[in-house]
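Which chain is which? They are A, B, C and D, in the order written, and residues in each are numbered from 1.
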Amino acid sequence: MITITGIKMDNPTILAAGVMGTTGSSMVRIAENGAGAVVTKSIGIYPKEGHPNPTMIELGSGGFLNAMGLPNPSYKNFISEIDKVHNKTETPVIASIFAGTPEDFVDVAMGLEPARPSAFELNVSCPHAEGYGSLIGCDPLAVEKVTEAVCDTVNVPVWVKLTPNVTDIVSIGKAAENAGADAVVAINTVKGMAIDINSGYPILGNRFGGLSGQPIKPIAVKCVYDLYSSLEIPVIGAGGISCWQDAVEIMMAGASGVQIGSAVFERIDVFNSIASGIDQFIEENSYSGIEDIIGIAHEMK
Amino acid sequence: MQPINARIIDIKDETPSIRTLFFDVTLENALPGQFVMVWIRGVDEIPMALSYTNAITVQKVGDATSQLFELEIGDSVGIRGPFGNGFSIPKKRDGILIIAGGVGAAPLAPLAEFAVKKGAEVTTILGARTCSELLFKKRFSAEGDIHITTDDGSAHRCGFVTDVLEELNTGCFDMIYTCGPEIMMSCIFDLLESKGCLENAEFSMHRYFKCAIGVCGACCMDDQGWRVCRDGPVFGGMQLTGSELGKYKRDSCGRIVKL
Amino acid sequence: MITITGIKMDNPTILAAGVMGTTGSSMVRIAENGAGAVVTKSIGIYPKEGHPNPTMIELGSGGFLNAMGLPNPSYKNFISEIDKVHNKTETPVIASIFAGTPEDFVDVAMGLEPARPSAFELNVSCPHAEGYGSLIGCDPLAVEKVTEAVCDTVNVPVWVKLTPNVTDIVSIGKAAENAGADAVVAINTVKGMAIDINSGYPILGNRFGGLSGQPIKPIAVKCVYDLYSSLEIPVIGAGGISCWQDAVEIMMAGASGVQIGSAVFERIDVFNSIASGIDQFIEENSYSGIEDIIGIAHEMK
Amino acid sequence: MQPINARIIDIKDETPSIRTLFFDVTLENALPGQFVMVWIRGVDEIPMALSYTNAITVQKVGDATSQLFELEIGDSVGIRGPFGNGFSIPKKRDGILIIAGGVGAAPLAPLAEFAVKKGAEVTTILGARTCSELLFKKRFSAEGDIHITTDDGSAHRCGFVTDVLEELNTGCFDMIYTCGPEIMMSCIFDLLESKGCLENAEFSMHRYFKCAIGVCGACCMDDQGWRVCRDGPVFGGMQLTGSELGKYKRDSCGRIVKL
């Protein structure tokens, strides 16, 4: 049992936003496969189809490119999906939300409050959604405004999800912290692109997208490490975590919890196996608990 | 995997609204019931069953499928796959029943051929809206008994595949496989449930696919959260008990759409 | 035969800076293995030992982390190394240089002029060298000043090597272009880190470093694509190119040439095999030449 | 590969300045002559030959090696490897000559043992500064004839390994392997060149290693640009003809340093 921003979780594995999080029943399934908490697909004001297919491809060697384009049924249609998770499990649900302005962020958050999410995760970091996402997430001032607006409105913890596609992720993290965020999540996908050499066409319907999976783990570890150095609030790690060793590594860099996205491609019970791997590691290495390893890399000099 | 290039080497008009595109790439190891994502460059990428190991059979219903109808021999598409689980393989001496509705015959024709090669005995119920839309009649006929129904009675029996199914002694089949319009599969589901045959039945489902590799969650079905693209598209009858089958699906936004 | 910024090369493959480029004889060896041109190790004013070991690790699945720390013998001691390449091959040598100020950049460039490099490549993008590298490369103004200073001094083309670790690589590329650069090279390594879970120690001697190799290819393709959209000068691609398909892909994104670094790990004659693979691709697909594929992805809509 | 954790399970003082550290990990498939990068966390990472498949034998010469001498049983280091090419494997009934100087005996002792296991006959010339610094005398003696020299004459013959080599009929050896101070190897090189035996000779070289995997170029030798970490550390005599051997090397900046 661990606690992150006051939310009690069976273990530090968390389903990452946008993966298997569009329906209540798939989130229930992930919870049953061991996730300590689940983050929903990012939800907005209006129903949104997202980008045309191809929206996601596997690149081989554990990497993926996606440009879903934030498809979502709108917060109105999503309340019942969250309700379902509450009805069937005890697992905390974190509602990921996105919008183009602080006001719209507030509307979505308020709209989802009836579903009693355990926290809100502000997606200001999607690298391929025109007008949303990293347009905000690259600008400390914009992040501050959005975060402040939501923090002022809701009574649950607010997590802010950061993009690595910036010169200085720490300044963005600090902006979130100063505005009242309870945690930051790092990282969202890394801007990337693939071209079909047979035709010359960019493969993704949106032409470019975000890189996820194993290739980005070293990038995520570095971001988490830097954020942990400079922030007071917890950092939650994400990016290429696919086995318990990866989870331990990013926790040693400073992550209080680990989000897992692309790795469900390999196995949907990756949560169970990572959670028990971490436990075993803690025990075999005579640490007294998970807290012992969080940020430990900073002490090794 | 990234899409591989598939050049069209032959085109066969199967019915007025359905044609088969043959490619210069063969997915040798594809199982009957597996599908590919077909990328019409600059347009869309859509799921299509493999109707042969080197072909898809397309019904023109909207934008992407219409674009596929524009393609000529020598043109190319991108192909990812084979994806999904496929039908379970019939055993030697099994008696199997195939129920195909409309373009749902596409994944079932190779199953019929595969089953006979394995030594199974195949009976087919093939249905379509109208006579000219019966897909793969010859392929099914070549593999065993066939019962044909048309909604408008323009060929053989007027009515639905379920009419035939109702009359058959389903108990004498080791496996029952079906693919077609959801409303048809839903009726079949209810019927087989009432006959207590769900355990031997498999349904090939359609849902809106985005990633097609089991990550994004767009295709998930209630109530178990099955991913149609990955855990399916073929589901055993028991897996679908209490599911959304026949009731609703989700559109590309993830919104519930009543059937 | 192709020409990039006036430099004639047998083929578009170029040895990337910092890989097998510390001695004349190893550059000769790379030339003999088919490289159309070679870029030297980045050279500075004073001899520099670089960071303590470990300086580079293989991550598996084609990825590498390094923090060499720009070890180099100083320009004075490097002239003879470049001379050797001229004596033994016809292959163009591009001198990669780094410094902390425009004045020092100029000193290094002038110091190396006796070695008659075919071009200078300004390394303003090393993610792990205190005070050098990306400290400059993240700031359009600093890039402009450095580029201008060197362009005003030397009589050969100037390439500017860009870092992907910025919010907007295009603005940096434009700064280089405006200051007179003849080409930009994208990308240098991506900031990254790995931690040894047995001990909690960051593995690299410098704690963090730069990610190279296959994992960063989609990032490089996207950077090249964006730069090609907005710049007039040629873009030279680098980042995870390990086979001819990769080379064709990044050229379709807009690269006039391809730099190859980490892939020498697999085979030192990767240059030969990529060059001939490109040729065969051009022929089999009835393109009239390499120029036909450069940037072709931009036309596919 | 990332470093794996190697815990010290035993420590053996071999000479006043040399000790062997035994690990709880065994690199079963390592060939004699291959090396590992030994990471003393927080300090440095340095190349070390494998003197056993689970051990390194370290001479204290500077910072990192001194730190290795501080370690106790139960302490750990990180290990990457085995790297490099290793010596070529002697064949059955081959007569081979091993010439070891100082800590250069480390990769050669396992070679002697391996060679005898393969059915080869081993003669060793073992040299050291002084009697107490003779490394692995017992290991070599157990595998065949041994000639011992010490620079100061404190044991056996006073002088250098080359004195013995000069007297031996090198023509009767199928292979000659050597590792030791570069000045020694350089003399051996010249001698074997004059005797026309370079083709049968292998030299295990030392250069400053950074990446150790053949990418950074720090360890390259003139005139062929051989990477000592990857194309070596073992080189055939012919490969070293016209090379920098015995003349100069490069420091960690890449500067030429005369020997």
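The criterion applied here is as follows: a contact is a pair of C-beta atoms (placed from the backbone, for glycine too) under 8 Å apart; a residue touches a chain by one contact, two chains touch by 3 or more.
Worth saying up front: this structure is predicted, and the values here are computed from it rather than measured.
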item	value
Shared interface partners, meaning chains that touch chain B and chain D	A, C
Taking each chain's C-alpha mean as its centre, the one farthest from chain C	B
Length of the line joining the C-alpha centres of chain A and chain D, rounded to whole Å	51
Centre distance in Å when chain C and chain D are each reduced to the mean of their C-alpha atoms	36
Residues of chain C whose C-beta touches two or more other chains	59, 194, 199, 201, 300
Per-residue overlap in chain D, given as positions that touch at least 2 other chains	41-42
Interchain contacts, given as pairs of chains that touch	A-B, A-C, A-D, B-C, C-D
For the chain A and chain D complex, residues of the former touching the latter	300-301
Contacting residues of chain D [partner chain A, same complex]	41-42
Touching residues (chain side chain D, partner chain C) in the complex	1-3, 5, 37, 39, 41-46, 76, 78, 80, 209-218, 220-225, 227, 250-256
Residue numbers on chain C that touch chain D, as the complex places them	18-30, 41, 47-50, 52-60, 64, 66, 68, 71-74, 77-78, 194, 196, 198-199, 201, 203, 205, 261-262, 264-265, 268
Residues of chain C that touch chain A when the two form their complex	59, 61-63, 65, 138, 165-167, 190-195, 197, 199-202, 208, 211, 214-216, 218-219, 221-222, 225, 245, 248-249, 252-253, 281, 293, 296-297, 299-300
